[in-house]
Amino acid sequence: MRNVAILGVGQTNHARRRTDVSTIGLSREAVLRALEDADLTMDDIDSVVVCSGPVLFAAVNQPEKWLADAIGARNKPVVRVTSGGGTGLAGALAAVNQVRAGHANRVLVIAYDKLSEGALQYSISTLYDPFWGREFAVGIMGFSAAYWKSRMDLLGHSEEAAAMVSVKNHKNALLNPYAHVKKEITVEDVLNSKPLCWPIKLLDVPPISDGACAVILGSEDAAKKSENPAWIRGMAYYCEAENAAYRSMIQSEPLTIAAAKVYRQAGITNPRRQVDVVEVQEPYTCFELSYYEGLGLCPSGGAAELMASGATQIDGDIPVNPSGGCMGANPIGATALIRLAEVAQQVRGKAGAYQIEGAKVGLAQAGGGWANLRGVAVVSSEKG
Amino acid sequence: MMNDDLERVAIVASAQTQLRSAWGSMQHVDLIGATVNDLLNGSGFRIQDIDVIIDCGSDVLDGRSISNCGFLGAMGAHHKEESRVEEDGIFGAIYGANKVSGGSADVALVIAYSKPSESSVAGYYSTLSEPFYQRPLGLDHISAAGLLANQYLTYSGASEEDLITIAFESWRKASHNKDVEMLGAPSRDDIARAVRIADPLTAPQISRNVDGAVAILIAKESVARKLSDKPVWITGIGSAIDSHYLTERVPGKMKAAETATKFALKSAGISDIKQFKLAEVSATSSANEAMVVEAMGFADFGKAINCYSENSAVSINPSGGAIPADPIMATGLVRLHEAYKQLSGGYGEVKFDKAIAHGAGGLGMQNHCVITLEA
Amino acid sequence: MNNTFTSGIGDDAVLEAQINLPYTLTTGKAAGTFLVALDQKIILGTTCEKCQKVIVPATDYCGACGGQNVGFLEMPHSGAITAVTKVDDKVFIFVHLDGADIDLLHIFHGDLSTAKVGARVTAKWPESVEVASRITSLDGFELAKDSAVGSSKPFTGTIEPISEMPYKLSLNYKHSYGPHYGRMFDELATNQRIIGSRCSACHNVLVPPREYCDICYAQTDLYKDVSDAGKLQAFSIINLEFVGQTRTPPYVYGEVVLDGSATRLIHNIGGFDITKAKEILTIGMQVKAVWRPKDQCKGTLDDIEYFQPVFE
């Protein structure tokens, strides 16, 4: 398979609400930053992949068609890939496949969401099957909380361990110039915060954000002109039928399948040892614990211990979410691409205040839907 | 697919439900499951052979967000790689082809579906526009078709009679296509006298929305040769997007269709469009179809009508095209399926060695995609 | 979300559903200014910094070249029709305002027969508007035969732009039940029976019933009754309030695997002291459906009031 690299990355300054730009203006900002980072213009871009949350979040159907005119993409191939919260990574994968096939030399991936356009609760309710379960579903939070409770009992993913995730990520976000939630909190604060869908409490939940992220991917040839590309060493995105027989809600099978595939592609046999930095998409703190196990950073049932050991702290041996993860900013449609962008910046040495020293291999995880769409990627400063 | 180190890719199977005004007895999952099963039966492929599923559908038409989430089991996507392209299925076919050609998968399933009968088509199309300048005036697919047709006639010199002929030919051909449910084809007179739904267009000149699902299977060459006796090679692909505001389009022309065709031909290594004697093109109206035919290079400005006469060198839409049967998110993939069927003996004696298929999405056909095939 | 159960499950039975969503859409600077200017009977264009095109209506970015649009121009109210169509009672036109490079879509006030391409028109303003600062704050255009060709000038006034526009999306649906859901809801309504379909390969029973097993992709071959009791697989105590909620918090959200089935059912767990939920409920415990009285049953999952823990 041909090599693919990330040539440039751009993010907006995420905010609870951006009133100065429309959705297309928000995306343009990230695109211009990515082009600048890659030292390219839109003329150099062969193809565009757009990612955003569900169209009902912002009331414009197939918004990439409006967006194209705001980023100078007219007359170029433009397509939108969607996957709920994982859309950004799904879009990146579409771009990777375009480059591998020789269909495009440089692809721009732009992922965004302006969650302030709609009332998120109302919009999320449209995810439900109109026939079955709409009366009882409680957004994504309800079932996420329910299965966290199960994991608490079966795997020891305690409220304390999840609270430590919240504390870590909030603290890390202080260093991230793009994050908008800057709050130093304690484990006590989290445990005492209002239970929304117990065990999920207020401080276990990321903010609602407006934000965009753009990543430019290119072929090996295009990467020759780049100062420090981040090479895609593996990427995969798997799904699971929402209500298949005995669907495991305790560990995510699509995640473990994607991880196994990506580690094989990247030549990783011991992620804990071989990976330098990790970015995961935690729609609630409990998921980060689950991902430690799903990604094979620790054995099943070992997540709470891993968290307590300090290994995933920014100064630990396997830092997870040094950017602050979703706790600093969570523009859902962009979040997955942000995770990829953050690890790319880490291995390029461009992560600024939260740079993990000597980071060469980065691991990103993202996903969406009813926790049944899951993707994983590994990037490296080395081509392999 | 046109590069040395990359394997060629082929379509090795396809299937489609009948296209009907309303599939009242079936849910989306029922149409999807039936299509995938139909596709696999007799193809030599099993569900386990499929590495990735690319699905195309619309949240707005389906009435739920991330609608593919509830349909994954029916698609056979469980524990496979899957990606949803919220655009016409032919764009999904590009993704599938890239995935296989680039080496990330050996076999890709591309599926597209819609049930416009369940929702408001005007709602689907009007929400495609930005919400400040065009949408609040009530712009939808019908008014967009009227405005574009008006421009086409004004600038190209084509006549209303030409447009009636294009519609007539489409309905006539579709009436012989058992995959399109129809009561009977309208006469030229019926079309001329019908309600002027969007001046200058009469109602039968605007594409009829239908429910349906279609799927194709793409495999890399080494696999295709093992399991299929009639692989049809995907030789070229191209896509391009036009301006969002209707007022910024080049009057009477579909520039993005032109660009998409150019790219497809270039990647196929073909310099002359006239080498294609079979074209399956999508359209949301008779005038739009004329513009696509001209954009592809089959006729000069205003002369698309020549392609609909008996002695036309190119056969346009032997299936009837999209005017009699437009399932919205699946229309372009149906065109690709029809072209594949023609080249692989699905219609009996194979009359063509190559074909070009086209699809589009967006208000007034903003986004275009072209794929070339060779037997 | 309003779902109406249509009586008589048979072929072509549909479930009516509505999606009604409120929004505050951010306009961006150009549209925010343009729309307010209309209230003052001013039509604004803008210029692309890069390619110099004069763009009407004013937008922030130039679609032709990707450049930033800068400054506002006050456009003349006169121009010519460049495209026209009529749908129902509305005549849509493209207007090439004098001095603009991009045409404006709007409404023509007059007979279609007079709206010829090339005809001179001038802006028509409404007597009053229901809502200010919308594209409809300009009524449209009417014939202005032989009107002089105007020109644009830089806009020197001050406009306080809006930054957001309230919007409501209403979409109606009629979802076909299909053969399997149709059968399931019919049994639920008529016999208070929950049925699933059995995979012909793995023999797991899937609720709701479906044609293909998600895992085996084999066809399901028969319907099977499943118990209205089963194992509590997961639960959460809901304190969150949200619109469309069918229960008043606090209540317990639960996922149950009914005996005889292999899939999860979402419902509520009740019939016990909810304040002691953390102590009383255990993962894996048996729960049983408590049905509403027959005359209150509508043929939906709501006919089960809640699942109650079964204590040994």
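A, B and C are the chain letters, set down in written order, and residue numbers restart from 1 in every chain.
Following the convention adopted for this analysis, a contact is a pair of C-beta atoms (placed from the backbone, for glycine too) under 8 Å apart; a residue touches a chain by one contact, two chains touch by 3 or more.
Treat the numbers as computed from the prediction; the structure is a model and nothing was measured.
Per the definition at the top, count C-beta pairs in contact and tell me whether B-C or A-B has more.
Contact tally favours A-B.
Can you name the chain whose C-alpha mean lies closest to the mean of all the C-alpha atoms?
Looking at where each chain's C-alpha mean falls, the closest to the middle is C.
How far is the middle of chain B from the middle of chain C, if each middle is the mean of its Cα atoms, in Å?
25
Chain A to chain B: how many Å between their CA centres?
Those two chain centres are 33 Å apart.
Among the residues of chain C, pick out those that touch two or more other chains and give their numbers.
In chain C, the residues touching two or more other chains are 17, 19, 25, 27, 31, 63-64, 167, 169, 173, 175, 177, 181, 213-215.
Would you give the residues of chain A that are in contact with at least 2 other chains, written as numbers and ranges?
If we look for residues of chain A contacting two or more partner chains, we find 56, 59, 68-69, 73-74, 123, 126, 128, 130, 241, 243-244.
Two-or-more-chain contact residues of chain B, please, as numbers and ranges.
Answer for chain B, listing residues that touch two or more other chains: 60, 63, 72-73, 78-79, 127, 131, 243-245, 248.
Of all residues in chain C, which touch chain A in the complex?
1, 3, 15, 17, 19, 21-29, 31, 60-61, 63-67, 163-164, 167, 169, 173, 175, 177, 181, 185, 199, 202, 204, 206, 208, 213-215, 233-240, 242-246, 253-255, 262-264, 266-268, 278, 282-283, 300-302
Which of the residues in chain A end up touching chain B in this complex?
Per the stated touch rule, the residues are 1-2, 54-57, 59-62, 65-66, 68-69, 73-84, 90, 93-94, 96-103, 123-124, 126-130, 236-244, 253-254, 257, 368-370, 372-373.
Please give the residue numbers of chain C that touch chain B in the complex, ascending.
11-12, 14, 17, 19, 25, 27, 31, 35, 57, 63-64, 82-87, 90, 92, 94, 102-107, 112, 117, 134-136, 165, 167, 169, 171-181, 210-215, 217
Okay, in this complex, where on chain B does chain C touch?
Against chain C, chain B makes touches at 23-27, 29-30, 33-34, 37, 47, 60, 63, 72-74, 76, 78-79, 115, 117-120, 123, 127, 131-134, 136-139, 142-143, 146-147, 149-151, 154, 196-200, 243-248, 251.
So in the complex, which bits of chain A are touching chain C?
18-25, 28, 42, 56, 58-59, 68-74, 114, 116-119, 121-123, 125-126, 128, 130-139, 141-143, 145-150, 153-154, 194-200, 241, 243-247, 249
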